[in-house]
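A, B, C, D and E are the chain letters, set down in written order, and residue numbers restart from 1 in every chain.
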Amino acid sequence: MAAETKTGTFVDEICTIPGGESIKLCIQCGTCTASCPNANKMDHTPSELIAMARAGMKKEVLSSNAMWYCLSCYMCTVRCPRGIHQTSLMHAFESLSIKEGLVHTKTVTPTMYRLFNHFCNLGVLPELWFMTRFYLATNPLRAWRMIPTAFALLKHGRLSIRSRKLSPSGSSQLKAILKKSESLGGGI
Amino acid sequence: MECKIGVYICHCGANIAGAVDVAKITEYAGGLPYVAVARDYKFMCSDPGQDIIKNDIKEKGLNRVVVASCSPRLHEPTFRRTVAAAGLNPYLFEMANIREQCAWVHTDKAMATEKARALVSAAVRRVALHEPLETKEVPVNPATLIVGAGIAGIQAALEIADGGRQVYLVEREPSIGGNMARLDKTFPTLDCSA
Amino acid sequence: MASVRSNKNIELMTYSEVTDVSGYVGSFKVSVKQKPRYVDITKCTGCGTCQEKCPMKTDNAFDAGLGKRKAIYTPFPQAVPNVPVIDPAVCTFFLKGKCRACEKFCEAKAIDFNQKEKIAELEVGNIIITTGFDSFDPSVMVQFGYGQYDNVITGVQFERMSNASGPTDGKIMLKDGSPPQSVAILHCIGSRDKNYHQYCSRVCCMYSLKFAHLLREKVPEATVYQLYIDMRCAGSGYEEFYERIQEEGVNFIRGKAGEITDMAEAPEEQGKLMVIVEDTLVRRKRRLPVDMVVLSTALEPRADAESVAKTFSLSRKADGFFLEKHPKLDPVATTTDGVFIAGCCQGPKDIPDTVAQASAAAARVLSMISKGSVQIESATAVVDEELCSGCRICNDLCSYNAITFDEEKKVSHINEALCKGCGTCVAACPSGAITGRHFTTEQIMSEIEGVLV
Amino acid sequence: MKYYTYFPGCSCSSEGGARAYDWSTRAVSKVLDFELKELYDWNCCGSTPSGSVDELGAFCLATRDLALAEKAGLDMVTPCSACYVIFNRTNEYLKQYPRLKEQVDESLAAGELKYNGTVRVRHTLDIIINDIGYEAIKEKVKKPLEGLKIAPYYGCQVVRPGFGFDHPEDPQSLEKLIASIGGEATRFSLKTRCCGGSLIISEEDIALDLTHKLLESASSNGADCIVTVCPLCQTNLDAYQSHVNKKFKTDYRLPVFFFTQLMGLAFGIPENELGIKKGIVSAKKVLAKYV
Amino acid sequence: MSFEPKIVGILCNWCSYAGADLAGTSRKKYAPNVRIVRVMCSGRVEPGFILKAFQKGADGVLVCG
């Protein structure tokens, strides 16, 4: 086990992420777990993840599947008696997990998130192409099974082949901003 | 009458001494105008600490005292009593708060010492202008009002009444008893609450 | 309680409220409003006939809504004084102008609808505030379904239920009258929770253990769960009590419940309340099917703490309880000389601590009385009559009503016993006629110079 | 007339899956006398997934929109709960975390933009109930939805994590809104529970469990339909209802509306202007009385 | 050397001075640039005090009460 909460540890790293500093306040009451719709699907409960992080178990935390089941419904956050931004912590675990290359192998959510982010960075999320690319990348068989749903959506005029585009100047502005952010430590 | 000020710097164990340079402040205080004596001691509020002040007042004829230690909200009454016991008017005393406002809140020892120095200097300047004040007394009416007749109010009322004094016990509800009257048994002995 | 009634030195003023306090330590003047009981306390024999005959019923607040009482009522059988009051908000006579059944049947002729509110003026040297606490209302925590599910009850309701003279004669029962087969007791409801009260209420762990014990005693076949964050059993004999309850076969689960639901997900959950909790020691989210949930609610400041604080010039802490002068050096005194506090109005505490504080406050008062006089603050403000222009600016500024205007001399005068030495008048005086003793302009100026060396 | 900057978000854009929400919102705005001026050249807010991949980049995405909106000096309104939460979180975090603000400022400067943190971001439901008000809505009702039993579904993000205009677990605004257009709000204890929408694509099984519970609760409380305030919830409950029926062997046929669609119907706006037919679960039977 | 401002804090004994004490007892760290003068109420503060502080070289004056 890695060093416990001392300067320069995993907890400090989490504390530098917005919303992450509240991790120190946890009293391990389990309200977050009890409020989480997906807690039973996780290999570690949300409160356990906090305990593990505070014990310095960086690798175990970042390779957990727990945060990838987080729905961002914020129920844990509003109920936490210590005001911990549990949802933000989950997001922080997710991005650290991607950065450190420790992503849990049995979940495809990170792939979905990355693809999502890829499109967002272009300015608009084209729902049809996003879904198509995701299914093709992860499970072509499911793409096949999704055809009726996609067809229904198309029929009701809810999927567009053509997607919205930013103006050329807006597009280059966004690119410049994101490029700068990457140079400041953003990016994947 | 010429001002003769005694300045006493408290270490408060390591509380103050660990974060500010006590010796330096003592030396500085000793050089201030009207200061007749400046000393430091481990715990000024202890009996030996207070005795140092009393002795200096008597032997050196001090007529003003400054103690640099904790918050006046904590020990001002203590030291006022000390100087009064040595025959000095208690208002000819001033405190410099170098623990709550210096030692405990700053990390840089040099900066903290510099600030403590300023606080001591302020207290010395101020105390030089202090005037003796007369303590006044007013008579105490022997009757007592108690507001709320729950367990606390009842207990206090009975004690004062048993001491032979008049008590007015005021209760908002139709009956006394408060929250306690709702209970059946009380922890941990499980005796009844009535 | 009975010894209060029999003590000749105690003048009991029930159904009364302090409306105004003036004066200072040693000599306070207090106005007490006595609400009309509509029952002559000197004539009533406490026979109870009036309460039998009264036709109007309402919820009994004393029983936390579990039982009913009449419009004329004594809140509980052991009440002191054992004399009923008429609640004009419910009484038919007050609402519709007729009935008077209680008057007809009262043999002692004690009913008196003509009683009016009275104001009593008292003179006292000291005041002790012991106004106690309110219980947290858990209906704001919608996740626990209090007020929505019948068998989710509060600690106070459980207390009344288990009380032999309470609304169920001491029987623990569900809404339908049957005994519960399983009960979950949830700790820290409204306490240790930044969304409600950050502080620990100090007594809930222990009273929850007591509830568990009462359940084992009264409904031995019931399964009892305690859902706790930490067990805080610091008191004489408390840890031993905890151990005893463990031995009695209570199930302790370390975790705070997230929510309570009646939505069954399995056949054995049908008709039950599901308590959803993480058992943090085994790291599993569990669903506990129970018949009854007891919410161990926090102690909180009285709803009217603010106005009481104003009446008696008290300060309140961030949590709303009254502030003591110093937590260690002067725990029962307040920032107002001659006004003391004891019990839960100062912060949540158990009975032994409450009694100890009350005794401490009594001792403080008795010592003042036996000394006969009290030193008052000398660092007050004083008016130089030669310089005072009589502009009266200071008169209204004083928060302590210490400044009066001498109509004859046309100058303001400061009552030193009332003056707290705040210095507001000193700063405001346009003619520089007021000196703030011990905080003179020269003293403060030289202190400012001093800090800037 | 009240004016707002309008941020439709990807789902409610003219190419998005929830364009009916956009149509109905605009239709209702005309009746209720407020104008939505669409933010020019807006970009995707980044939603939740972006922040989980690239935190700083995600804040930059959202802040670009806020900076563009700031120029107009109006409150920015979005019909999407996810956009709503992202923008509010961005505003809050930029205030709270100076280091983050510095980095975002620097990035934005590369696009010659600056954001001073003055844009108030609100949800369409918020402005309709608070700026317009129930009384004004009642006045415009021409065809009250009498007898229509509606399950008021808020979903998670519009009321949490507490930026909100209503209680995070027991909100009441939809209930009151439903009453003011003549409908009947059913009891719906899961009204603020997550529909699973954010994982419907990657973890459909898990998401369907949650969707199933919602449909079960709504239908057991006698609802004829569900009303939502979030494009993602609507898609999930509507387009995936058949998946739930398949997985759990159920037969739910609950149309899922946007609250603006129901308001539009009550105001007498023709159903094609409200995009009623864009629902996958047919609303024909349920709405027979009202259109 | 970096600029180290001198700030005079004139604080009320009952609230903000007590708050400064509380900061001390809770060991909250803050910059040592503020030097505190205690008054019994912020109502005691005269404009002259503030002018005096600036005259004697203060860079800022904080009145709390």
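As a convention for this text, a residue touches a chain if its C-beta (ideal position, glycine included) is under 8 Å from a C-beta of that chain, and two chains touch if they have at least 3 such contacts.
What you see is a predicted model, and the numbers here were worked out from it, not measured in a lab.
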Number of steps on the shortest touching-chain route linking subunit A and subunit E: 2
Touching subunit B and also subunit C, the following chains: E
Distance in touch steps, counted as few as possible, from subunit B out to subunit D: 2
Chain whose Cα centroid lies at the greatest distance from that of subunit A: B
Chain occupying the middle, per Cα centroid: C
Busiest interface, counted in C-beta pairs: B-C
Subunit C and subunit D, separation of their C-alpha mean positions in angstrom: 45
Centre distance in Å when subunit D and subunit E are each reduced to the mean of their C-alpha atoms: 49
Gap in Å, rounded to a whole number, between the CA centres of subunit D and subunit A: 21
Geometric centre distance via CA averages, subunit B-subunit A, whole Å: 56
Multi-partner residues of subunit C (at least 2 other chains): 143, 379, 444, 447-449, 451-452
Numbers and ranges of subunit D residues touching at least 2 other chains: 169
For subunit B, residues contacting two or more additional chains: 73-74, 118-119, 122
Each pair of chains that touches, named by its two labels: A-C, A-D, B-C, B-E, C-D, C-E
Touch list for subunit B against partner subunit E, complex: 71-74, 97, 99-102, 104-108, 111-112, 114-115, 118-119, 122
For the subunit A and subunit C complex, residues of the former touching the latter: 27-36, 39-40, 44-45, 47-48, 78-83
Touch list for subunit C against partner subunit B, complex: 1, 3-4, 7, 9-18, 24-28, 30, 32, 37, 62, 64, 73-76, 78-81, 83-85, 122-133, 135, 156, 159-160, 162-164, 166, 170, 206-207, 209-210, 213-214, 235, 237-238, 240-241, 308, 312, 326, 329, 342-345, 350-351, 354-355, 357-359, 361-363, 365-366, 368-369, 371-376, 378-379, 416-417, 437-438, 440, 442-444, 446-453
Residues of subunit B that touch subunit C when the two form their complex: 73-74, 91, 117-119, 121-126, 128-131, 133-190, 193-194
Subunit E residues touching subunit B - in the complex, by the definition given at the top: 13, 17-18, 20-21, 23-25, 27-32, 35-38
